[in-house]
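Supplied in structure tokens, the structure appears directly below.
Letters A, B, C and D name the chains as they come in the text, with residue numbers starting at 1 for each one.
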Amino acid sequence: MSAIVESPQVQVRRNRMGMWLFFVSEAFLFGGLLIARFFLWGDTRPDLPQVVPLGITAVLLTSSFFMNRAEVAIANDDRKTFQRGLLITAFLGFIFFLGVLIFEWGWTIEDGAFVLGNHIHPTSGVYGAVLYGMTGMHALHVLSGIVIIMIIWNLGRKGKFSAEDHWGVEATAIYWHYIDLIWIFFYPALYLIGTAVPAGGH
Amino acid sequence: MRFFKTGLVKGILVGLLWWLIGFMLVEVIRVAMGLPAAWDPNVPAGPVAGQNALQWIVAGGLAAYEPAMVVAGIFFVIGFMLGVGTMSDWLKWVRGIDTPMHHGPKEGDPGWFRYFGADYSHKVIGLQYGVTAVILLMFAGTLALIFRVELANPELQLSLFGANPEVQGTLNWFNTLVSAHGMIMIGSILLGVGAMSNYLVPLMIGANDMAFPRLNSFAFWINVPGALLLVTAIFIGGWNTGWTGYPPLSAQAPIGVQYFFIGVFFIGMSSILGSLNIIVTTLTMRARGMTMFRMPIFVWAAFSTALIQLTATQLIGLSFLMVLIQRILGLGFFNPGFPDITVIASSQLWEGGGNPILFQHLFWFYSHPAVYVFILPGLGIISELLPVFSRKPLFGYKWIALSSMAIALVGFLVWAHHMFVSGMNTYLRVPFMLSTLLVAVPTGVKFFSWLGTLWGGRIDLKTPMLFTLGAISVFLIGGLTGPPLGTVTTDLQLHDTYYVVGHFHATMFGGFVFPFFAALYYWFPKFSGRQYNERLGVIHFALMTPAFWVMSLGQMLAGTRGMRRRVADYDPAWGIDGVQLAVSIAAFIIAFSVLLMVINLLWSSRRAPRAVANPWRSRGLEWQIPSPVPELSYATAPVVVGEPYDYGLPGSTYVQLAPAMTGGD
Amino acid sequence: MEKRSYGKHFIIVAVIILITAVITIVGLGRVRWMAAPATTQAHSVDALLGIELVAIGFLFALVMVFMLYSVVAFRRRNGEETDGDHFEGNTKLEITWTVLPLITVLILAVLGARGLAQATGAQADEVAVRVTAFSWGFTFGYPELGIDATPVLYLPVDQPIVLDMNSVDTDVIHDFWVPEFRVKQDLVPGVPTQLRITPNKIGSYKVLCDELCGTGHTNMQARVEVVSSSDFDAWVAEQQPSTDPAEMAKLGEELVASQGCAACHNVTGDPGGIGPTWKGLFGHEVELADGTTATADEAYIHESIVDPLAQVVTGYQPIMPASYGDVLTDQQIDYIVEYIKTLH
Amino acid sequence: METPFLVFILMPLVIGGALLVGLFLLARIMPGTGKASKADAAAVQPVPSRGPEYVKLRARRAAAYRLGLVVFGGLVVLSVVEFFLASVGSTALMFIMIVFKAALVMYFFMHVASVWRTEEAH
């Protein structure tokens, strides 16, 4: 019936190690997707518009900056900046998410039905498969990140976390940066590396 | 009935509810989008004339429901995890409620109650893992017995589940049984590995629990819906792809393959989370004075295993996920010709180009190291038990410890030896042959060190020791039959034959099953407080070991003569009828002996005499505390002052259980 | 505790190991492991396996004898409570049994690489044969001889052959293995593969599919006939398109047997099959799943083979593989139609 | 238009939205958790709002925010350079850029060094 009490520092150290081991594990998941990209595309890539991906990349990078700002704020007892930073991060993350779904994947509404724009389709051979597979897997992580940030925001609103005790914030922050890190690898692999292959007949 | 209030039952009920929600969600969205729902009369959803429901399912009738079935399967797992209660602390934390760590059964619940629900004690979780592993082992073994009956004679005999033996239905069932036997056995082995790691590692390093007890509970319970989905897959059409699930075959297989994918995905998730826990525990929670090279050798094995599981497992999840979404969304990762499963028929952009060989690379990048996940803990058990029963130090402790790490690392570089004839780039064959053969070097170090440990000891042939020696002999067969498969030249003949089956079963029995049974007998007094029946244990060994030799060698002989893997029939002209019959009989003997063990342990846990605290006179940390282990394993922090295996050195001690020490870490 | 001397034990163990190793190696050598080889490539496979069996026999004897001897000689006597001798290891020994296996392994790798080169290397004056696999059977083509697709693989003896292999694009992975030929290779959709053989023994063999390919995997095989070169030339001459209806029907019947049509379509008129019966099919009206009817003439049967899902007969599942159009030539489909015509 | 749309758009939106709504509802409905309780508020350490302590705190905050801004600026510059370097067509060059950016994020944003630091230093 007795509880095992560890000092919070010890537990945070273990948590941090566990979190990073989780990142190492996830790296193999995303690494596998990158391998699939280079296996199937080689040194080519589909010829896609460049502006939208650059824009959403900028959004994600900015969100990462605000996440960092929020974490620094709570570590320095600045609750207002902390709460505001989390909200901005979640908002920018959501913009990124929608950007991938709507602009990048090219869904539009025409005559009351959802159709793909004049754009690459999920079923467009390996180009569609890898593009939608990689962005989709990343978007799934973004979505989970947004949910976690909102949870942390809600807890912060209730007065949780302080400069001494904010492991939850730190974990959320490094998870969000990790999502950014994945995109740092995915974005060039999908849009910059390789020779652009123009679309076939449509 | 209190049983119906357990987490397990609640999990299944809530899981089924969520299954229904997931199914309806997809159908409602389909209807809202103006698409025909699954029950629409225009969708060919029901059995046609002359078919019963099972025949309809076997013929792929459920395919119309596929997206709904997939989403429902995933929802089932989520619902199960919510219902079983293992996430309740996290959900409370999300709502801002403090959740102090609580150990021990809830007030007013009987002692057995906690074993059927979420409990955070690693000792409970270890036993949960172990019991689930044995149940799955017996289930998958039964499947093997069914198809061994078919294989005992040439020609097709069995008429399974109403399928007409005249037509292809029987063959589909046969393939499903073979696939299910393979994958459920693998799940069982993973759970068995989890049982040993979870129960033993904290005890052996002098910690009171794992680093993340809640995560530990989560990692166990997610296996249960995973295993349930795997079993369900057999009955919703099955899957005729083998446990490897190679596309394009798995992209065209019956719908059971989807539940197979989902089940494996979640069992893999359990591997990842569990191994993460083991690594952090091993690195940060050792008792004072226990340096890395003073850890019990099993902890080294569990640690190397966890490193493989943590990283490689993602790849099998990914590869199965890719086939899963290829099936329901038409993402053509593995389809070169792009058959007509596309949802958007008008798409003519960038057609085709998929490559089935990519799947094999991703798949084997996990599934080869997975073999070391299965055997390394077993080899650790062998190294752990030999000194105790020989009354001698472990010969070459550091070499054995580092050879585990070496096997783990080299294991990452050998995956393509499963693909020598797969059509991958031919120049890759030679480097992968070399790296494959290199695995023999650290494995050999282990063998010779075991012999050195035995030499000049006082060998006590108790049941655990018998199984340890049996494990060495069986693993020797498995190891020695490896090089003919590792060298490409001979692999051209032996690849995908029954020779591979024989080799694989020898490594699995020698590397996992025998050591696992040894561990069950050895630590039985520790977790039950009672002594098993020695005579039944010896009979179990005497039946199982010769039967296994016959089975494994018979399989190899059949394979070299021309018997292929995963076939229901063979050519009588090869002269392997007698061999096949012998293999089938041996399989039944093995099954009977395992049943004997289960009966022995079940009976002994209730009726057998109480065991003394340290019946094996072991120096291990876990034997210095009472049996069964109290709720708080180490009320006083143990201090390690010596080497773990100094048997025969007068006056040496391994560990001091100091009176009332404070601190830790 | 006094240190014991192990000299006597070591000598006894060494002698037993030698005896056991000889017995094991001789025993393993006497087992008839594989069917008699029938290609020149088989030689390198068999030779390497022979070497490996010797190594296996020796190592098996070494470890087993050492272990069993220890168990017998160093067993705990009744009532004995003492511990064994205290020695923790021996670095020189450990290094020895690390380095020796390493050298063995390197030698094995070199032998393996050489054997691989012999078993798969290109040969002079090769004849190309095209192998196409589908669910669930093989067809073989001889592009240099103008033979399109035949269900039986005829090979002239002592002639180097290169097999250009492929699985139908929309199909699954198959494998080409003749146990007597000793070499195998997967046939992958979209990824062409090659295999080289030089058959050197006249006889009849079987190609087996050795990669799980679904329901029909067990029965997926084809006949291989290795014949003398004069017999081969005679066979080639036979393979000219036939126009006599009786002969066409006979060829059609052979095709039906080799392509596994009979698994779903019976010719007895029994209504319980997976697909419609063929007895009395030709010339009659059939009721289709969409409610219309069609007359089973030549064009209808041709379409039903090439594109089976276009006109499904009511009461049957649309499960016939669509790959027959790729596997069968038009000529061969005509043979089958001619055969169905004879089934009144 | 059916299944991809379903899984790629509607499913994430529906599940994510349901999760968010559910969490907010839970936060509102659950007893004792709707607002910060007095006990919670009392437990929070008082933060200095004036005096020399406050000046020090302000200085520390400002330095930390500035570091974040500088790293962000570096990442922006690297991203722009990367975008334009793509036209060179060298995969190796792109990988160098990726590694630089990843190193910046991991070191400054994710504090990778703190994994092997044994003592907490705030």
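FYI, a contact is a pair of C-beta atoms (placed from the backbone, for glycine too) under 8 Å apart; a residue touches a chain by one contact, two chains touch by 3 or more.
Remember, it's a predicted structure, so these values are computed and weren't measured experimentally.
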Which of the two pairs, B-C or A-B, is linked by more C-beta contacts?
B-C
Going by CA means, which chain is nearest the middle of everything shown?
B
With centres defined as the mean C-alpha position, give me the chain B-chain C separation in Å.
30
Whole-Å gap separating chain A and chain B, where each centre is the average of the chain's CA atoms:
32
Give, as an integer number of Å, the spacing between the C-alpha centres of chain C and chain A.
47
In whole angstrom, how far does the Cα centroid of chain B sit from the Cα centroid of chain D?
37
Give the residues of chain D touching no fewer than two other chains, as numbers and ranges.
1, 4-5, 8, 23, 27, 33
Multi-chain contact sites of chain B, meaning residues that touch two or more partners:
94, 96, 325, 329-330, 338, 343-344, 352, 354-355
Mind pulling the residue numbers of chain C that touch at least two other chains?
none
Given the complex, residues on chain B that touch chain C span 44, 48-50, 59-60, 167-168, 171-172, 174-175, 240-242, 244, 246, 248-249, 252-253, 335-340, 352, 354-357, 390-399, 421-423, 426, 429-430, 433-434, 437-438, 440-441, 444-445, 447-452, 454-461, 469, 472-473, 476-477, 480-481, 483-484, 486-490, 492-493, 495-497, 557, 560-562, 564-569, 571, 574, 643, 645-650
Touching residues (chain side chain C, partner chain B) in the complex
1, 4, 6, 31, 33-35, 44-45, 48-49, 52, 55-56, 59-60, 63-64, 66-67, 70-71, 74-76, 80, 82-90, 93-94, 97-98, 101-102, 105-106, 108-109, 111-113, 115-116, 118-120, 168-173, 175, 177, 179, 182-191, 193, 206, 208-219, 263-264, 272, 274, 315-319, 322
Residue ranges of chain A in contact with chain B within the complex:
1-4, 6, 10, 13-15, 17-18, 21-22, 24-26, 28-29, 32-33, 35-36, 39-40, 46, 116, 120-130, 132-133, 151, 154-155, 158, 160, 197, 199-202
Which of the residues in chain B end up touching chain A in this complex?
94, 96, 100-104, 208-209, 211-212, 215, 272, 276-277, 279-280, 283-285, 310-315, 317-319, 322, 325-326, 329-333, 338, 342-344, 347-355, 358, 361-362, 365, 631-632, 635, 664-665
State the interface residues of chain D toward chain A in the complex, per the touch definition above.
1, 4-5, 8-9, 12, 16, 19-20, 23-24, 27, 33, 35-36, 40-41, 44-45, 47, 57, 60-61, 64-65, 68-69, 71-72, 75-76, 79, 82-83, 86, 89, 91, 94, 97-98, 101-102, 105-106, 108-112, 114-115, 118-120, 122
